[in-house]
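A, B, C and D are the chain letters, set down in written order, and residue numbers restart from 1 in every chain.
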Amino acid sequence: MYKCTIKVRGYELDSYGHVNNSVFFNYFEQARWEVFENAGLLDQITTLGLFLVVTEANIRYQHEVRLGDEVEISTLVKKDEPFIVFDQRMRLVNGGISVAKAKIKTVFVDGMRISHDIPPGIGPLFNV
Amino acid sequence: MYKCTIKVRGYELDSYGHVNNSVFFNYFEQARWEVFENAGLLDQITTLGLFLVVTEANIRYQHEVRLGDEVEISTLVKKDEPFIVFDQRMRLVNGGISVAKAKIKTVFVDGMRISHDIPPGIGPLFNV
Amino acid sequence: MYKCTIKVRGYELDSYGHVNNSVFFNYFEQARWEVFENAGLLDQITTLGLFLVVTEANIRYQHEVRLGDEVEISTLVKKDEPFIVFDQRMRLVNGGISVAKAKIKTVFVDGMRISHDIPPGIGPLFNV
Amino acid sequence: MYKCTIKVRGYELDSYGHVNNSVFFNYFEQARWEVFENAGLLDQITTLGLFLVVTEANIRYQHEVRLGDEVEISTLVKKDEPFIVFDQRMRLVNGGISVAKAKIKTVFVDGMRISHDIPPGIGPLFNV
């Protein structure tokens, strides 16, 4: 399980005065980038010429997030060949209340958008 | 069923050179705003002091969208008291291929974030 | 002079309930993409292996833009070797009031981020 | 002078593989929010019923910012009645190279979009 924290930025608020739904999506994506960075895999994927694309996203919203809030996102990475599934949960750092859960299903594709099996070198991803 | 078209903007491309996943989320949201606008309900909701918030979003990605593409989004609005569910589908205008499907579950809340039943005046929403 | 219209999207509103400043920036960028598209130059630049990067941006905000508004952006392209300067103005379609002006200075760079002279094939850009 | 750091998020990269110009704009805005937060003024402005709006923005881009980079933004706040001017500079944390400079001119307006003098209670802003 990998944990990272993200601080809300003022321009991410929408006309309701809270963080817009699509920004939650961005936060979860950023947490996934950090998993790759943390596992030392960012460069390797570029070298392989593969792209990790999302095939399905499911997000449950439980609580609003506001200006000044900081969230902690925990990410669990699972194999479901040829898919890689990210189970993610977002909590408020201050208080620990759960604000959202996400299940993101992804697959590696090449430049021709053909899907590939999970590359062997990606192993460290499942140990973070 | 309400249909609207959205043209891809250059700054919506990500480092993979195609429209980022979270932008699909934005497109679907914009289609929902247009449903309300089309039903003449934008001002009424503001008057009621209610906000329509997303409680769950499920998006399936089927095909990439690129610069120069235009997409058509069809939106079907269903009651599931107290929820309002939007069944949405995105297609490429040029060719008609389906690029994404979304199911977005929403509920009305007031300024105190307390959920409300579907307000009676919202009826026209289900006839678009 | 090239003109295009852009319709405000609901998720572009900020916590003040109007279109955020940085979105104006996006609108002006989109208008520049459309100038290239309209001049038939999008593919050519990719072929050249060059990128047009912004070196300086000056934006004056004159009036707010709100949900439901549509704006028309007129773009004038000027040579200032090795720079290409875009003089842009945004007006409300409904009423014609000027809402913002921008002067965007750009230069072509290659993959090594070395700046280049204006490529000869780019001529049609200055005739739109 | 107020300093804050911002880490690049993967979804902020554009089709050129670097941080898009408009994101620089977002970073500078976020630094200004933090100046207000740091001066303990976020709530006070809401109470006054005033909004700080940008009337002019000038940004010079000096160097690209990439995935994995972290930037430090220093912000100097100056009075130019009735305007408040923010002189901002962005540097790479790793190496210290200057990547962008911004001069942002702002003014307080009320709900009717009428501009106001700088409110007296805002004093702490000029001491950060």
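As a working rule, a residue touches a chain if its C-beta (ideal position, glycine included) is under 8 Å from a C-beta of that chain, and two chains touch if they have at least 3 such contacts.
Predicted model only: the values in this text are computed from it and were never measured.
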Report which interface contains more C-beta contacts, comparing A-D against B-D.
A-D
Over half of the interface residue numbers used by both subunit C and subunit D, so same, or under half, so different?
same
Counting in whole Å, what is the centre-to-centre distance of subunit C and subunit D, each centre being its mean C-alpha position?
22
Roughly how far is subunit A from subunit D, centre to centre by C-alpha average, rounded to an integer in Å?
27
Here the gap between subunit B and subunit D, centre to centre from mean Cα coordinates and rounded to Å, is 32
Residues of subunit C engaged with two or more neighbouring chains
10-11, 22, 26, 29, 67
Is the way these chains touch best called a line, a ring, a star, complete, or other?
complete
State the interface residues of subunit B toward subunit C in the complex, per the touch definition above.
9-11, 26, 29-30, 32-33, 37, 42, 67-68
Touching residues of subunit A toward subunit B in the complex: what are they?
16, 21-22, 25-26, 29, 51, 53-61, 64, 113
Contact set on subunit C toward subunit A in their complex
10-11, 13-15, 17, 20, 22, 67
